[in-house]
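Each chain gets a letter, A, B, C and D, in the order it is written, and its residues are counted from 1.
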Amino acid sequence: MTRTAGVVGGSGFTGGELLRLLDGHPEFEPVQATSRSYTNKTVGNVHPNLRHLDLRFSDPEDLESVDVLFTATPHGVSMGQIDEFRDAADTVVDLSADFRLPSEDYYDDWYDGHERPELLAEAEYALPELNRENLAGADLIAAGGCNATATICGLLPLYEHGVLSGDERLVVDVKVGSSEGGATGSKASHHAERSGIVRPYAPTGHRHEAEIEAYLGASVSFTVHAVDMIRGASATIHAFPGERVTKGDLWGAYREQYDDEPFVRMASGGGDVYRYPEPKSVAGSNFAEVGFELDPRNGRIVVFSAIDNMMKGSAGQAVHAANLALGLEETAGLEFTGFHPVGAP
Amino acid sequence: MTRTAGVVGGSGFTGGELLRLLDGHPEFEPVQATSRSYTNKTVGNVHPNLRHLDLRFSDPEDLESVDVLFTATPHGVSMGQIDEFRDAADTVVDLSADFRLPSEDYYDDWYDGHERPELLAEAEYALPELNRENLAGADLIAAGGCNATATICGLLPLYEHGVLSGDERLVVDVKVGSSEGGATGSKASHHAERSGIVRPYAPTGHRHEAEIEAYLGASVSFTVHAVDMIRGASATIHAFPGERVTKGDLWGAYREQYDDEPFVRMASGGGDVYRYPEPKSVAGSNFAEVGFELDPRNGRIVVFSAIDNMMKGSAGQAVHAANLALGLEETAGLEFTGFHPVGAP
Amino acid sequence: MTRTAGVVGGSGFTGGELLRLLDGHPEFEPVQATSRSYTNKTVGNVHPNLRHLDLRFSDPEDLESVDVLFTATPHGVSMGQIDEFRDAADTVVDLSADFRLPSEDYYDDWYDGHERPELLAEAEYALPELNRENLAGADLIAAGGCNATATICGLLPLYEHGVLSGDERLVVDVKVGSSEGGATGSKASHHAERSGIVRPYAPTGHRHEAEIEAYLGASVSFTVHAVDMIRGASATIHAFPGERVTKGDLWGAYREQYDDEPFVRMASGGGDVYRYPEPKSVAGSNFAEVGFELDPRNGRIVVFSAIDNMMKGSAGQAVHAANLALGLEETAGLEFTGFHPVGAP
Amino acid sequence: MTRTAGVVGGSGFTGGELLRLLDGHPEFEPVQATSRSYTNKTVGNVHPNLRHLDLRFSDPEDLESVDVLFTATPHGVSMGQIDEFRDAADTVVDLSADFRLPSEDYYDDWYDGHERPELLAEAEYALPELNRENLAGADLIAAGGCNATATICGLLPLYEHGVLSGDERLVVDVKVGSSEGGATGSKASHHAERSGIVRPYAPTGHRHEAEIEAYLGASVSFTVHAVDMIRGASATIHAFPGERVTKGDLWGAYREQYDDEPFVRMASGGGDVYRYPEPKSVAGSNFAEVGFELDPRNGRIVVFSAIDNMMKGSAGQAVHAANLALGLEETAGLEFTGFHPVGAP
């Protein structure tokens, strides 16, 4: 039984990735993609990898009824249209920041005034590694932020297994690619300005800190740099645990946490060229790669976590959560394992 | 019924891509990958995208019997081991240049002395768009050169439909990525030397000219430039037909030739940013994208053809041919359509 | 005696490069840079390499009197303001396409209606290798197009020394970087869309053909591809001379033409990694690098010519011409030789 | 009066950069460049930007007497040949790690057994911002490590002006380009493996920590990532001072420290696209760019420091120190201010 799926905001980067995943999914069929700017144009007009797809963008006003609706709108839009979205579909997966935080308090701390704060507690955070049990049957799901996702995947075993308590001050240095800023052209995203950079674009106060604190109880000092890649987010986390830990302790925590997770892969010191997690290793896939190293000089744990921000960091995570919500095979449509060699990709 | 498959030369770029395709293929199971340098190491040690794969490289001397054997060895190696390869498998697909040319005359013109010239006529050229009818049941198949493949895909309709006769002098300007030179590090392939380049690396006398002449009857003036991408080959072909042609003539020829081809996609003037074939649009996929433009000032036809050299230009083409040889679904294991946005990838 | 210099359009890429050259020039002092969007902002606000410069953008309406005025405005603007520009300075060097072509006939063939056609014959083409004798004392100078400059530098010796007669049909395949499209952000110039590309952006009808025909008498079939670099234009020219030529003939022609030229450098087959002209080798410098190869199979000459489009292709050429116009040392302020290793740069 | 200069190890990246600087220097003349692999080849054969230079590599055994000798040899070589070097020149500037640390204790902690430990105290650390007063007349100078240089430039004002005391635990996350690993090709430096990466290559225990501790008294937790650029090192430093500081305190410390420094430039929050220090902004120049931000949530200071590792991080710093040692104009030969736009470069 095929489920129908719609994508609101189908001409953006995330919308295109959703359409690609839905097109290749054994259970979902993409029947609608909306775009104000490209109404009536074919999807392949914007996303050249989907030239074979027989689908045209439709006006966002004309929403069809579908089994599952993915909304990839700018922050602040979904909260105003959420009733309309939920009328159109039994299951809504929102990929904006609108429903990611668990309460109005958190939201107000980091954003400006929520229009529908009562829904914050109702929405389920999409990250299955953190929240699998609540996703089955969920009808309102909020995909996490990509940088938060990378960080949470890296840190989760340390909090779950008591290596960190929440009192430690963590430094998180994240490197991101140019797809993270969305598809709209600007001076800062111009190839001549954006190539070859190491650009501090959110030195302090990045909003993804909020999710990490809300869901892990971690206190993070977060800094994001834009580097020269397209897809990919890499989080390097520096933690100083209260008590010395061994590599064995860490391996134990990570293995116990992730051995059965279909989309988390360890990379920690082995390998030839690729010894630690790298965005390249997971590019195009829904994997998070995590690894760590111990600094014997100062008792520091350095954790590395790499994802494809378009996949595990947004569209892939959303489809993963939708699979769980609808009771499908968890990995359906997400089996792609990545390339080698590969660019950004 | 799963077919067993082996890869000789599994630690190189092409070998890794074959293993990825075989791993994701519904009918093939990769049971052996040989590598002299990495014997007993896991495949994931070299190819980080295959970290999940439970397979170790084995010594090339210990060849197992398989249904199909893919040989990704340096040029000149296969011809010396071909009997051994054919003993190990009913179907051998060779990805080197050893069996690509149709006769000893052609071979001697471009290479040095073939050890088994009698097999040149026996081997089938793998490109299905050119040679589909002879691939069913073939037991020795030779994958084409990547630059030749891109050029042939661009030109085929013009020769098949009489737009070009073979008397014209064609200029072919090809741009290639860094995966084309193989995985071995060198000064020329060093990132600091290879990034941001437009480097004429085969100004004249490129051996892929031979295939184009042999299979199309075309006389080509070929020049290859290395540019800053990893995967991808893009051929721009400048032709001056004896008689003026219209865009309608060209559309007719290309559509008739390619409308039913599962792995050729037209891109010719439409689209938003992506108006013509580009390696990015097909990166990771088995598609060739072809398109053209007419220059009214001088009657020139400009043809563009873009492929992923690791896919349509080698490993994908090889699996495509193997599917046909073994009577499987032609597109099996090759359905991936590419990404947007994407790097090289 | 320092000469004062002004730049109209100082916040664009070409304007910034002019300001950098003028700042480092022993004889010129940049006293004004206009910018409508950045009026009153410091020059370093836009061009981070000029943070040390004590100069603010001024309103384009308030033009100061200077010795030499460089106008880096969009095409079509200079022709309307040229009287104002010439009132402000004894010497005007225009970097747009407005005064590049020698006559109204040429202009009308490629552009739409010139407002001041009588000035086309008066303006001097800035390329010293072609027009040095007329630049001394010139008061209206038009910098050439970057792609035309690369092509002309490559072809000039062949026409001057009778290797080509003008009857041959030349194919010119040009690769350009992302600075060529200017500083304004757009969807096509977005890093995620523009990285790793081989994109045919002017398959036919590129306007720089006009200059090449006008000044060399050559008939060129021109195709331009955007590739992944920032600065740089590389022209590969395929010519089939009426009579066979030898490498000795070619070396003779190029040496005679260029041995005394301070900004043309031969690169033809020698060298370690860098055997032919490449944009990387000249990045940041005012050099054109030229080289060639002969194809014995078909009598083809392949000529390679590489420049930094921001230097030899625009700002550097303009300063070079201004040096000659004002009777200064020809190479003043342009001695920088480039880097190794280097990115695009 | 021109000073003669020699470069030992002239075919490497650092050696080439030294030759470029010496060639353009008003007071130095490069009279010798040694290279075992390229003996008798022209310098331009390896460094295409120096094709105009009339100089051939000579055998390292045949050292000429010069005024100043720059030694760009692999770590561990200089200490064994230092007497020979000092016999050949009154002033030796070593660019390896051999003489960077102040004492044998430091050295043994991070490296293996020094052959000439008594020279460690004699050698002067080349960084003028830290050690200008001791460089005049120095006859043995040791250029600092590039990552250490970036970090020290960022931190120096905080230690000099009491914002940090040395008791704080600092996290330093450094991003470096591919020139840092030297010119020798390898699998890890292959363009296909090295492009588009965020690769943790020294998660812990990086030897440049030693210099930072030795010269600043800082306790640093250092992690280095390789990213997709060629030149450039960017250090992001996270510090938690014992007492809250204001932006005014920080501006005061940085201005007082650096206002008169010719090669340190502040970039802290202003600007259009380039708001903080970036390797692109200083590429090709001898500038260090430094800036900072305060995180009000947790009292964190985030310091950014960017250099061109080939310039301020090695060859430029060495020439700067040589200028001071020989009593020349401090900025001689180092005035280049960088490009915009620019790649890595």
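Worth pointing out:
Throughout what follows, contacts are C-beta pairs under 8 Å (C-beta built on N, C-alpha and C of every residue); 3 or more make two chains touch, one makes a residue touch a chain.
Computed from a prediction, not measured in an experiment: that's the story for all the values here.
In terms of the distance between Cα centroids, chain D is separated most widely from B. Of the two chain pairs examined here, A-B and A-C, it is A-B that is joined by more C-beta pairs in contact.
Looking across A-C, A-D or B-C, the pair that copies the B-D interface, with over half of its contact pairs the same by residue number, is A-C. Distance between chain centres (mean CA atoms), chain A to chain B: 35 Å.
We define each chain's centre as the mean of its Cα atoms; on that basis chain A and chain C are separated by 45 Å. Residues of chain A found to touch two or more other chains are 13, 179, 183, 187-188, 192, 195-196, 228-230, 272, 274, 278, 280, 341-345. The part of chain C that touches chain B in the complex is made up of residues 169, 171, 173, 175, 187-188, 192-193, 195-200, 203-205, 209, 219, 221, 223, 225, 227-230, 232, 234, 236, 238, 240, 272-280, 293-298, 300, 302, 304, 306, 341-345. Interface of chain A with chain C (complex): residues 13, 177-179, 183-192, 194-196, 228, 230, 343-344.
The touching residues of chain D, counted against chain C in their complex, run 13, 16-17, 20, 23-24, 38, 41, 44-52, 179, 183, 229-231, 265, 267, 270-272, 274, 278, 280-285, 335-345.
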